[in-house]
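Some structures are shown below for you to check.
In what comes next, chain A is part of two complexes: it sits with chain B in the first one and with chain C in the second one.
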Partner chain A sequence: MTLDTHPTLPEFEYIRPATLAEASDFLARHAGEARPFLGGTDVFVRMRDGFLTPRYLVDVKRLDGMNDLRFDPQAGLTIGAAVNMNRVAAAPEVQAHYPLLAEACRTVASYQLRTRATIVGNICNASPAGDTIGACLLFDGVLHIQGVDGPRLEPLKSFFLGPGKTTLKPGDIVTAIQFPLPPQGCQGTYIKLGRNKLSDLSIVGVTALGCPDAACASGYRFRVALTSVAPVPLVAGAVETCLAENPITPDAIQEAARLAAEASTPIDDVRGSARYRKQMVGKLSARALNAVWRKLG
Partner chain B sequence: MAFHKINITVNGAQEQVVVPSNMTLMQMLRESLALTGTKNGCSAGECGACTALMNGEPVNTCMVLAAECDGVEIVTVEGLADDNRLSPLQEAMLATGGVQCGFCTPGVLISSRALLDRNPNPSEDEIREALVGNLCRCTGYVRIIEAVKAAARTQVAASA
Partner chain C sequence: MVEPKVQGNISPVGENKPRIDAREKVTGAAVYADDIQFGNGLLHARIKRSPHPHALIKKIDVTKARALPGVKAVVTGEDFPGYIGLYLQDRYIFCRDRVRYVGDPVAGVAASSVEIAEQALDLIEVEYELLPPVLDPEFGAGAEAPLLHPDLGKYVVANFIFPQAGTNISNHFKIRKGDVDGAWEQCAAVVERKYRIPHIQHVPIETHVAIAKVEVTGEITLWGSSQSPFAQRNLIAQSMGISQSKMRVIAPFVGGGFGCKAGVSMEALAVAIATKVKGHPVKLVLTREEEFYTAFVRQGLVAYFKIGCDAQGRLLAMENKFYWDGGAYTEYGVNVTRASGYSSSGPYEVPNIKTDSCCVYTNHPVGGPMRGFGMPEMHAGLEQCIDELALQIKMDAVDFRRLNCLKTGSSLVTGSRMHPTGLPQCIEKAADAIGWGRKAPASAPNKRRGKGLALMWKAPAMPPNAGSSAWVELAEDGSLNVGVGGQDLGQGVFTVAAQMAAAALGVPYESVRVAIPVDTRYSPYEWQTVASRLTWSMGNAIVNAAKDARRQILETVSAAWEEPIENLDIVNGVVISFKSEKEVPLKNLVIYGLPKPDGQGWRGGPIVGRGNFMPTYVTGLDPETGQGERAVVHYTTGAQAVELEVDLETGRIDILRGVSAFDVGKAINPELVKAQMEGGFVQGMSSALFESLQLKGGVLQNPSFVDYRIATSTDAPKDLEAFIVEVPQDDGPWGARGIGEHSMVPTIPAIANAIYDAVGIRLDGPPFTAEKVYLAMLDAGIVK
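Up next is the complex of A and B:
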C-alpha cells in the first residue's frame, strides 16, 4: 500500500447557480448528493480525507446579499454568509459594537485561511469547536435561511443538534447571520486553549460576555459559552443565574466557573482528555469572567 | 466530470484555462500554467507553502477551486519581482538568511507582501501573527521576521 500524502480532491461537479431560488431548488432536488459551500475550508479537507463524497458542490458565494455587511443603529449587525473572517475582524462597525466577534475571528487558523473562512460556514459546519460560535451565541445571533418554501429566520441557540448536525434541511441555504444591538456597556472575551498560541483547533473554548443590568440583583448579567467540551456549542445557563443573584465577588466568580465546568460534557480525543478539559473549563471560565469583570469596572 | 472555462489574470497576464471541477487553484497554477513557485506542502490549508494573492488578499491556493476563479486576479511569487529586479522584500529575505531550503519562501514572501500592503510598518508581534499560516522547518523564523522588518524599513524610507 502506498500512502498518498498529497491526495487530490475526489471527483465532483462544481455548480454555480445564478439565483438563490435556483440554488435552493437544485440542493433540494439532489438531497444527499449536493452540498452548498462558502470558503470550502472545512468541506475540501473533509473531502480529501474521504469523509465527504458529494456529487455536487454548489457555490453560493456570489448570490444576492451574501457579501453584504451592514450595521443599523436600530436593527443591529447583519453579516452575509460569504463575508470572510478577515473582513469581519477589520470592519469598523464590528470593532465599535461587537469587538468580541472580531476577537473570535482572529483566533481562527491563519490570515490566509481567514480570507476564505466565513462565520456562517463555521456555524453550518457545526463543529463543537467552532471558534466564532460562542460569540455568535452570546450576541443572540439569528440565521437568515433560504429554503424551498422561501426565507425564514432561525435563532442560533436552537440550530445545533450534534457534531456536524444542524436543523438545516435539503434545499436550505443560510444567507446571513443577524445580531441585535449588543447590551449597553457590554464587555467580552474569548479564551481559546490550543496546543499552541495561535492557529490550532481549540481544546477548550470559553467565551464570556457581561453587562450592567438593573433587572439582576447583582446589577450585572454575565453569560458564558463553551466550545469543544460538549456535542454542541453550549451556553452555561447556571453561570448567568449565579452571577445575576449573587453580588459579584471573587467567590461568586469561582462558583460560577465551577458551574460552567459542571455544565460541560467533554470527551477524550486526540487534542485532550475529558478530565483535563473539564478542569480547564473551570479555570478558563474563572479567568474569562474575571477579565470581563475588570473591563466592566 | 464537468470542465469549466475560466478567464483569469495571473501576474498581470490574461489567461484562459479549461479546468475540471476538482482542480485546485494550486494545481492549475503549477500544472496548467507551469508556475511552480507556488508549492504544494500539505494540501490542507495548514502549511502556507501554496499562498498566493487572490484579488490582493492572500489565500491558500490548495483551498480554492480553479473553477471558482473566473474573473479573478492572482499574483504568485513569480509576480513579485519587477522584470528581473527582485523586490525589496525578496532582497531582504536573501540578505538576512531568511531563505534556507526555500520551500516555504514563496508563501512567506506572499504573506509578507500582503502584510506590508495593509500595514506598512508592522510590529514584531504583527509580523509573527501574519506569518502564523506559513510553516518553516529550517530557519526558526527569526531571520524571516528580520527580513520583513528590514523590508518595511526600506519601504518606509523609499516612500518618505
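Up next is the complex of A and C:
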C-alpha cells in the first residue's frame, strides 16, 4: 500500500518525426513503449497520475494534414487530428452543417483546455465519457488511419473495444476523422449531466440525432448515443428501431427512452451510482428525443 | 466602547475605499511565499507519509535514503520528541510510535532538488503493524472503539477544554440550563432529527508553502503562507524547546486561507527538517494532492437534535448531541466542539436546553478551523428543525423565527443576556428581498421552485484573552505607516486597517500605508487572523495606537501655540485650532517637532503611537452546566434566504437568488462587507451542493479537483443581494463586529429549506447533489 501525494510527470523522450511514415515506423518499432499524442490534455494528466508510462511520446500534431479542416458539399467534413475543439466549434462549416458537433465540443472541460484538446484525441483515449464521441458516432464518423502498411479507413462504430482500448495497432496514427454529409433536415442535441455546471466529466451523456426518413414507417429516423454508462460509448439500436416503426408520440418517445436505459450498463464510481445513471439515461434520452422532435417539427 | 474623535465628512470610515493591495495583486507584483528567491543554498523538502489510517510504526530504515547523492538530511520522529498543538498538545511533528491517518508524516527529506527528495522518499522503508481504524465519531466515542491516544490524560491542555482520559473524547462540552426533561410534556410539537455533515476542504488557490532556515546560532526564520505568524512563533518554539525570541516568522501575501493556514500544521515539518541542515533555507510546498490528504479539514459532524415548542410556537426545550469527527489530532478541533456547544441554541431564546458536544478522535484527516468554525455544520441541522417545528404547529417559518429569535436582552444559552442585536431587522430584510410568502411559477414544467430562509449567530471562538497590538508612525511628508500583526487573506483587512487608522488620527486614507509583510521581528503582536476578529480586535488596537500618536502631536502643538488641547483637532493631515484658527500640516512636525520662539530650541520629536487591545471581560463557564457571566465577546447575527429550482428529471438544483443580511455593527468599508457576504454565500452554496471528502476506510477517494467539485461562477446565482444592518457593538471600533465567516453559516439550511419548499424532501446531510436529490424524490414517490 502506497500513498502518492507528489504525483509528477515521469521522464520520457519527446520525439517529433518529420513525416507520417517516419512517425508510424517509430511507433511500430517501439510498440508498447511509444505513444502518439496531440493536445496532450489527457495523456499528460494520466502520465502524471501514473496510469501511463510511455518511454517515448511521439508528437504527431504538426504532421501533414493534421491541422486541416475541410468541408466538401459532396464528401462532407474532414477534421484533421490536431484541429483543436475551439476551432471546430467556431468553424462556420461545422456550425452550418454539423452544429451538434460544435455543441458537444463546447461542453468539454474549459475554454482554455479546448485550445489544446482535439476530437481525435478524445476518440483515441477511448474514455467511455468522451463528450464529442456521441456526435461523431451519430454522424457516422470514419477514421483515417496511417499504419505501417499505409493509410486505411475505419468506421468509428467498431473502433472502441473497452475503456481506453481501441482497434489501433502499433504504428497506427489517426490522422483525421471524416463525416459524410449529414442526413437531410437532421436535428440533434447533446445533454451532458455533470455534477456542477462547468468543466466536469459527465455522469451521463446523451446525444440524439433525428431526421425525416421516408424509409421508416414513422417517417423519421432517430438515433441515440450514450456515454459514461457502459464500457464503451454506445449507440442504442433499440431506440432507432422503436421510433422508426412506431408513430412519434410522447408514449413512443418514453418507450424509446426506456429502451435506451435498458441498453446501458453503468457502474458505481466516485461520480455517481449505477442506479442513478440508469435512471438518468432514461430521463435524459426522453429529454433529448423530445428536444430533437421539437426542432424537427 | 472606543470612541475615536469624529472627523466630520472626511472620515474614511464607512466609505468604499479601494483596496490597498488591489494594484499589486492585479498586476502580479504582489509577493507570495513561493515567489521569494533564496538562491543556490535552497534545499527542497518532501514528506514520507503513512498510507494507513491506523498502524504502529515498527521500524523506519532511512539508510538508503541518506546515501542517495543530493540528499542532505533525513529526519524522523525520533529526532523531535516535543508535542505541538494549539488548545491540546496531542501531536508530534513527525509520528513517533504510530500513525493515525492516511497522510500522517513519518519522515522528511531535504535534498538539492525536488526530484532527488522524491526519489529519497521511495528509499525510506517503514514497517507497520496495522491496527483497526476508527472511522465514525459516534462509534469512536463508545467503549468498544480502539483507543487512538492512550496518553490523552497526559497532554497539555487549555483550561477550558475537557479531555476524557481513557476514551477517544478529547473534549466534552456541556450545557445544562433549565429543566429539559420536564419541558417535553409542555410541548405541543417536538422534532427529533439526525444529520451527518461530511468533511470538506478549504481549497485555497495557493497551497501551503513554508521555507525555514536555521542559523548555526540556532535562530530560526520561517517564511510561510500563514494566517498565524505569532501563533506559529510561539507553538513551534515551544515544541522545539527554544526561546520565542529565537523564532522569527515572516508572512507575505496569502492566496486564501479560510482557516487552514491558522495554527501550525506543515510549517513545523519544514522547521524540523531545517534544524538538520543549518544555514540552508528548506522549502516545503504542498502539492494539491497533499493539500487534499493532509491539510486541515472541516471536521465531519454527526448531530442529533430534539427541539420542542408550545402551541403558540414558543421554543421550550432543546436536547442536542454533537459527535465531531475530529480526526487523528484534535489540537484545534477541540475548540470547534466548544464553540458549537456554547452556541447550540442557535440564535434563539430557549429556556430549557441540554447539549453534549463531543470531539472524537478518528482515523480521518485532521480537523481544524474553517470559515464558520463549527457554525455552518451545527446550523445546517438546527435551522432545518426550526422549519419542521413551525410546519408541525402550522406556523409560518419566518413568523416562527420572528417570535423566537434573539433580541436585545434575551436570555442566552450560557445564562447571560444578549447585547444589542439587529437580528430581527436582518430577518425582515432577507424575507422582504426574497419575497417571502409569494410563490413564483417555475421556469419549466419539469421544475419546481422553492424558497428557504435560515438564521445564524456566531461569536469569535478564541481564548478569552486573545490580544492585538498596533503601532503607527508618521514620515516627513505626513504619511502614516500602520504596523499590524494580522494578515490579509483576501478579506481586505489591510484596507480596513488603513481606513480606521486614517479616521482615528485625522489623515487622508490615501496617505496611509500598512507595514507589510507581517514579520514577528518588527510587527506588533496579533494572536491569529481567525475568528473574524481583526476588524474588531485589531481595529481597537489601531484606534488606540492612533489616539496615542494623536495625543503626542496635539501636546506638542498645544505647547507651541499655548492653547488648550481641547481647542485642537487633526483634520485631513493638518492640525487646526477651532479658537485661534491657526493651522499646521503634520508633515515635518511629526519628525522634527516644532521650534520654540527665538531660537530657544525645539519641542516634540518623531511620533510613534502604540496601542493594544485584549478583551478582559470574558469569563469562564461552569464545566458541568456551561453557564457563566459572559461566554464570549459578542455575537454577529444574520439571515440568508434563497430561491431555487429543482429539476424533477435530474435532481439538479439551480440557485436562482441569494439574499444575505447581517448585523455587522458598523461597516467600515461597505463594499468589502458586501463582498464577504457574497463570497460566503457562494462558498456556503458550494458546500451545500457539491463538496465532500469521500473517505472510504479512512482513504480519500477524491483528492483532486476532478472529483472534488467546487462551485464556479456559473453555478453562483446571477442575483446575489447583500444588506448591511448596523446595530453598534459596545466593544467594537465605531461599533464594528466581524463578518468574514458568518456569511457562509446559514447557507446550507437555507438551501435545504428551499428544497423542501420546492419538492417536499429532506436529506440527512449535504452535499445535496443532483443524485441524492433525485433518488430521494424517487424513493418518496415524488418522481417515477
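In the analysis below, the second predicted complex is superposed on the first by the 289 of 297 C-alpha atoms of A that agree within 3 Å, B and C clash if a C-alpha of one lies under 4 Å from a C-alpha of the other, contacts with A are read in each partner's own complex, and residues count from 1 in each chain.
Quick note on the criterion: a contact is a pair of C-beta atoms (placed from the backbone, for glycine too) under 8 Å apart; a residue touches a chain by one contact, two chains touch by 3 or more.
Just so you know, these numbers come straight off a predicted model, no measurement behind them.
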* To do: Please work out whether A:T8 is in contact with chain B alone, chain C alone, both, or neither, and reply first, second, both or neither.
  => both
* Asked: After lining up the shared chain so the two structures overlap, which partner does A:Y111 touch, if you call chain B first and chain C second: first, second, both or neither?
  -> first
* To do: Identify the partner contact of A:R48: answer first if only chain B is touched, second if only chain C is, both if each is, neither if none is.
  => first
* Asked: Does the superposition put A:Y276 against chain B (first), chain C (second), both, or neither?
  -> second
* To do: For A:L198, decide between first (touching chain B), second (touching chain C), both and neither.
  => both
* For A:R287, select first, second, both or neither according to whether it touches chain B, chain C, the two together, or no partner. => second
* To do: Kindly list the residues of chain A that each of chain B and chain C touches, one partner per complex.
  => 6-8, 198-199
* Would you mind writing out the residues of chain B in touch with chain A in their complex? => 1-2, 4, 20-24, 27, 40, 43-46, 48, 51, 54, 57-60, 63-65, 67-68, 111, 114-115, 129-130, 132-134
* Asked: Touching chain B in the complex: which residues of chain A?
  -> 6-14, 16, 39-41, 44-45, 48, 57, 59, 61, 86, 109-113, 115-116, 198-199
* **chain A residues within the chain C interface of the complex** => 1-8, 193, 195-201, 203, 270-273, 275-276, 279-280, 283-284, 286-287
* **chain C - residues contacting chain A, complex** => 46-47, 49-52, 102-103, 115, 118, 121, 287, 289-290, 293-294, 649-650, 652, 689-690, 694, 701-702, 706-707, 709-712, 714-715, 769-771, 774-775, 778
